[in-house]
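Take this structure, written in structure tokens, and hold onto it; I'll ask about it next.
Chain nomenclature is as follows: A, B and C, assigned in order of appearance, with residue numbering initiated at 1 for each chain independently.
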Amino acid sequence: MIKKYTLKELSESYAFVAPLIIFVLVFILFPVIGTFLTSMFRDVAFLTKEFIGLDNYKKLLVDSRFWQSFQFTILFTAVSVPLELGLGLLFALLLNEFLPFRGLLRVCVLIPWAIPAAIAARIWELIYNFHYGLANFVVQSFGFSREPINWLGTSGTAFFSLVVSDAWKTIPFVAIILLAGLSAIPDEIYRQAQVDGSNFWQRFFRITLPLLRPVLVVALLFRTIDALRIFDLIYVLTKGGPGGSTTSLSFYGYKYFLVSDFGYGSAVSVTLFAIAFGLSIAYLRLGKFKEEIL
Amino acid sequence: MGERRLKSILIILGSIFMIAFCLMPFLYMLIISISKNPDFLASLGNFQFASDNYHGILTIKSLHFLDYLRNSIVVSAVSAFITVLIAGLAAYAITRLTLLGKVFILLFVLAISMFPQISIVSYLYRFMGRLNWINTYQGLIFPYIAWILPLSLWILVSYFSQIPRDLDRAGLVDGCSKWQILRKIIFPVAAPGLFSTALLAFIFAFNEFMFAVMLTIDYHSRTVPVGIALFQGLHGEIPWGTIMAASTIATVPIVICTILFQRHIIQGITRGAVKG
Amino acid sequence: MRVRLVDVTKKFVSLRGEVFAVNRINLEIKDGEFFVLLGPSGGGKSTLLNLVAGLEKLSAGEIWFDEKLVNSAKGGVFLTPKERNVAFVFQSYALYPHLNVFENIAFPLRIRSGQKITIKQSVEKAANTLKISDLLFAKPKELSGGQRQRVAIARAIVRQPSLFLLDEPLSNLDPQLRLSTRRELKELQRKLGVTTVYVTHDQLEAISIGDRIAIIRDGGLVQVGTPDELYEKPKNPFVATFIGAPGMNLIETSVQEENGIYWIRLGNKRISLPQNRKNDFEKFVSKTCILGIRPEHIKINPFQTEQSFRARIKSIESLGRDELVQVSIDDVDILVLTNEPGLEKDEVVDIEFDLSKLQIFNK
């Protein structure tokens, strides 16, 4: 039986969370639902809106451009996330050592995180400049290649360039949260292991990695979701080119919104949403997180 | 002995790589922004100092850079402030009050923050269109608040749950209402946490791109990242010097903030992430 | 102020299922009384105190302050702590870390929007009473445990509450400080005359400080009484062992009647019970029951008498002035408090109970 005063107290408590709920509902959940619904309509500017069920999705299945961007998005995620986690872990391990100027080093690592992605992309665009960019300068002066490379101009190098600049922007985040995980591992464990005569690699694989697993899964989750929805970098660096080879799903959907084909664009967005959602659930299963939240 | 030596060499090499990797693009931006020609690398040793780029970006009205900057600062600051307030209220209720479905709210909000922006933005675009809010501050601020709320909530829940419950109870006995407990006890005690959250929220809003691309049209509300992304030259040639000067002006304050408050920021990031 | 608890019940619903932290407690606390809630950990003392304070809401029952109903589950009545005008001292002291000592003490007055001048006067008076006037501008984290505790008490008394509630306020202090603070607290309470409810799980503390004590166990009220009553007339074996250090000896046996005289048997000897306590023993005749006798009510005799038992000394522990001797009568172990000199381990002695102090309980 719920007491009268308990009801009053509950309503008071909900008043505190109400603004949060309202904002999230109105500006995120409803739009997502709206996008879902729109994806079942032919909803193109100047044409009458018409319910067409799953036709947009059927069209997706035979749309080779869609499959191209699908493939790019998955490939980009599959390449950049492990790279970022690997380098992020390396940086975290370095930052966790007793180095001189440790604070300063941490700041250096934070800088890419603080710079807006669009601006970072602009910097990288210049770095990749065919005629006078830093990338070609380095490549040529170290003798890796005699001719300048058209970084953003061929599909292979464009992919590579995107991966590198994305890594630059996001490794700090990975490094910082892995560093938090590392510093939570008590020193005694390492000292004990050292006394037991283990070498560096054994300590790394037997102690560090297993204890870091929850944090690693979190980083993996966040990074995967972020990589799947990549947009800013592509918008600035390649505009999806060359030949559509670097069009991410976000960017593909965006292109349809630009020409006011909301129905089809929404179907693309919903597909991306479904992929992200499915992967998150899979990761959470993997990380056995249920108990750890609260 | 050998192992230790090898290890310190590896650490030094690794650190050098790390610093170079992280700082190089940033420094490159700074250098280009103060050079007369962006192509000095092609003809080596041709570097010439010039402040034209800065002068141009700050004085040429038609570039609207200062407008973008103002828009960004206003939108981000207002969004950050309101977000922290709303998240603070909710975090208080979730950590302290009788509330059914606390875990559900936290997980729901976490799930929401994982939605791809592209699945929101088209609907928002038309919604804002109907409200006539396209190209206005509020048209950006409201979505930003919603977008940053999940992160802020998680960070604040983590801060608030560390404040002893006895403080609330003492406050109750001393005659506070719930609202007074929040304002006179929880908020002051959690001030460092609120500050880091606000800082993170500001940086998030400042860096946001997709909403800003879709929901703004021109200098009346366009933010710096979009402005810089869309910066094109008048005569075909991209004015790299000007772009880098603009980028420098836009990022250096944030970078300085990051340096000054690195502890707060790192705490914020790790609390937001590691708890989730 | 008088506090009356009627069928007070608090049920928590948690992942473990339903827990009755407090179960149907009826109590009356008199005006100006120093009332102690005593009991083992997890018994529900804090929950009961929180209910009285208004920090928790009743699941069933009623709480009255004088003639005012402050919480009734059925009637849907609930007054907040503010409306009840109670003061609370927490085990953790719960000082506001962002405020200095002055502002901590002034906090309840400011919330009630008192006048600036009167606030200053009241704070200084409270600080004087607790001898912390020189600490007024320190932050809580600069203070020692004892000082924090004083600040917490000052904050509690500064606004003349009608009820003063303390939840194990001394348990974070070191033993010596505990003794002196205990005395001061009692004095302060007498001076202010405010009805006080004090929670502790330390029976010595309870006995020395309380006018009356309620023993709480598993959410239920076991016994209420003055310290002497609890000591001399414990209602059941639990109270008997809980009060007094060391606790009462409990011996399982039975009472026999022969020729109008009651006997008890221990080992292979039986002794007669005094005639004037016949009424106490009557209802236990021919039933197994539990005898209780305090260690200080057993004498070690130099020689055998009709009423004494043969016992072997198993161990001797010195308590300073006295010695705590463990003896066994056949298989039954008994603790004896004595100042008899020259006892030795394994010595066989004769012990005699002070039968006027003998307690008897149902099994």
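We take it that contacts are C-beta pairs under 8 Å (C-beta built on N, C-alpha and C of every residue); 3 or more make two chains touch, one makes a residue touch a chain.
Since we're looking at a predicted model, the values are computed, not measured.
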Pair of chains ranked first by number of touching C-beta pairs: A-B
Most central chain, Cα average position: B
Distance from chain C to chain A - Cα centre to Cα centre, in angstrom: 60
Euclidean distance of C-alpha centroids - chain B vs chain C, Å: 57
Centre-to-centre distance between chain B and chain A (centres being mean Cα positions), rounded to whole Å: 16
Two or more partner chains touched - positions in chain A: 6, 9
Chain C-facing residues of chain B, complex: 164, 166-167, 169-170, 172-176, 180, 184-185, 188-189, 191
Contacting residues of chain C [partner chain B, same complex]: 50, 53-55, 80-82, 86-88, 90-92, 94-98, 107-108, 111-112, 155
Of all residues in chain A, those that touch chain B in their complex: 6, 9-10, 12-14, 16-17, 19-21, 23-24, 26-32, 34-35, 38, 90-91, 94, 97, 99, 103, 105-124, 126-127, 129, 131-134, 137, 168, 171-173, 176-177, 179-181, 199-200, 215, 218-219, 222, 225, 228-229, 231-232, 235-236, 249-250, 253-254, 257, 262, 265-266, 268-270, 272-273, 276-277, 280, 293-294
Contact footprint of chain C on chain A as seen in their complex: 3-6, 9
Chain B residues touching chain A - in the complex, by the definition given at the top: 3, 7, 11, 14-15, 18-19, 21-26, 28-29, 32, 38-42, 86-87, 89-90, 92-94, 97-100, 102-103, 105-109, 111-112, 114-127, 142-143, 145-147, 149-150, 153, 178, 203, 206-207, 209-210, 213-214, 224-226, 228-229, 231, 240, 243-244, 247, 250-251, 254-255, 257-259, 262, 265-266, 269-270, 273-276
